[in-house]
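Given below, in the form of structure tokens, are the structures.
Two complexes, one shared chain (chain A), two partners (chain B, chain C).
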Partner chain A sequence: MKNFLFIMRSPPYEGVRVRESLDMLMTVAAFEQQVRVLFLDDGVFALKSGQHPQGVGLKPVAPLLAALDIYGIEELWVEEESLARRGLHAAGLALPVRGIRRAAVSGMVAAADIVVSG
Partner chain B sequence: MKLGHEIVRVFFYYEGAYNGLRRMTPPAGEDAPVRRWSALAAECGVDLVICISAAQRRGLLEGSEAARAGQGDDDLAQGFRIAGLGLWVDACLKADRFLSFGG
Partner chain C sequence: MGALHLVSRSPHESSSLAQCLERVAEGDAVLLLAGAVYAALKDSVFAPRLQAALARVEVCALAPDLAARGVAAEEVLAGLVLVDYEGFVALSLRHAPALSW
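Right after this comes the complex of A and B.
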């Protein structure tokens, strides 16, 4: 078994990037590998509650993220500084995620066998 | 490869799927990377795989898929094949390193 870390840095409705990253991490989970997901920079917007992109014909991302535990992906992390810089708080997120300080991110990356820039 | 490393697979994903477009036609004097990929496959036997869903989202259809969709396309360059993300995971599990280019 290998440890995969997906670092999600892209905002949720910019093209199909987030959707394609989710396809990737669900495939990894189907191979019964360990998957961690870290939301960083503008990637944290995917976690925000109250997203209603249906008005412009897009599907909301947060329910897809909330469904990841069905695939055995339970380790969702968010970088606390990325949240704070964007005026977001853990209480305003659509699903429970674990916070990690920027100083600890390099350790998380070092602990992974495979790092994917999602 | 000259140093003796083995390349398990090159997997094209996200916008990388465009690398396999057969009809890439850059202006004169500019290189078409697709020909270099095809040469790499022909000369070194490197397995070049484009993700099927990434390809289809971008309108890159291999001949038989296009026929199924009622289209006449045949967009895939020599040396490339189309397959699922499982082949990317498979390569990750076989290789000692995963290298990602272009984000």
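Right after this comes the complex of A and C.
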């Protein structure tokens, strides 16, 4: 078994990066690998609650995020500095995620066997 | 008749909004679209720069794009004008030329 770290850095609804990364990490989890997800930079916007992209003809990411639990992916992390810069608050997120300080990110990367960044 | 500046990239991943704001003239309008609507969040580090721009130009954000991204009206910086698609059309009639950043 390998330790995978998926780093989500792209905002939602700009192309399909977020959806493809989520598909990929669910596939990896289905093969019973250990999966951690870290939301960084504009990737944190995927976590914002109250998104209604159907109004502009786009698919919501919330159902995919909600499915992570079913795949046994429980380690969801968000960089606290990324939230603060963007004016987001932990209370306004759609999922329970753990906060990590920027200074600790390098340690999380070093602890992974494989890092997938999207 | 001032210009209409269309900005569509998040200010945190692209400097296009900052670059636009450095080139606007009094009487222009700036419309935040798509990922650029994240600039409208009042607690964002970008808010002071947008606030400063409001003294010279009208800054608008496209409401359907805010709703898509979960940004509620009460989270938006005061002074920004929220427009729907009809408002977008009205802006483009009141301003010329239009340019994208």
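Everything that follows uses one rule, which is that the second predicted complex is superposed on the first by the 118 of 118 C-alpha atoms of A that agree within 3 Å, B and C clash if a C-alpha of one lies under 4 Å from a C-alpha of the other, contacts with A are read in each partner's own complex, and residues count from 1 in each chain.
Definition applied: a contact is a pair of C-beta atoms (placed from the backbone, for glycine too) under 8 Å apart; a residue touches a chain by one contact, two chains touch by 3 or more.
Note that the structure is a prediction, hence the values are computed from the model and not measured.
Chemist: Would you check which partner chain A:104 touches, where first means chain B only, second means chain C only, and both and neither mean what they say?
Modeler: After superposition on chain A, A:104 lies in contact with neither partner.
Chemist: For the overlaid complexes, name the partner, chain B or chain C, with more touching residues on chain A.
Modeler: Greater contact footprint in residues on chain A: C.
Chemist: Could you say whether A:88 touches chain B, chain C, both of them, or neither, answering first, second, both or neither?
Modeler: So A:88 only meets chain C here.
Chemist: Could you look at A:49 and tell me whether it touches chain B, chain C, both or neither (first, second, both, neither)?
Modeler: The second partner, chain C, only.
Chemist: Check whether A:116 is in contact with chain B, with chain C, with both or with neither, and answer first, second, both or neither.
Modeler: It touches chain B, and chain C stays clear.
Chemist: Looking at A:67, would you say it contacts chain B, chain C, both, or neither? Reply first, second, both or neither.
Modeler: Neither: A:67 stays clear of chain B and chain C.
Chemist: State the interface residues of chain A toward chain B in the complex, per the touch definition above.
Modeler: Against chain B, the touching part of chain A is residues 2, 4, 16-17, 20, 23-24, 27-28, 30-31, 33, 114-117.
Chemist: Can you list the residues on chain C that touch chain A in the complex?
Modeler: Counting only chain C, the residues touching chain A are 10, 12-13, 34-35, 38, 41-45, 47, 64-65, 67-72, 75.
Chemist: Enumerate the contact residues on chain A facing chain C in the complex.
Modeler: Within the complex, chain A touches chain C at residues 11-14, 41-42, 45, 48-53, 55-56, 58, 85-89, 94.
Chemist: Write out the stretch or stretches of chain B touching chain A in their complex.
Modeler: Those residues of chain B that touch chain A are 13-14, 53-54, 57, 84-86, 88-89, 92-93, 98, 100, 103.
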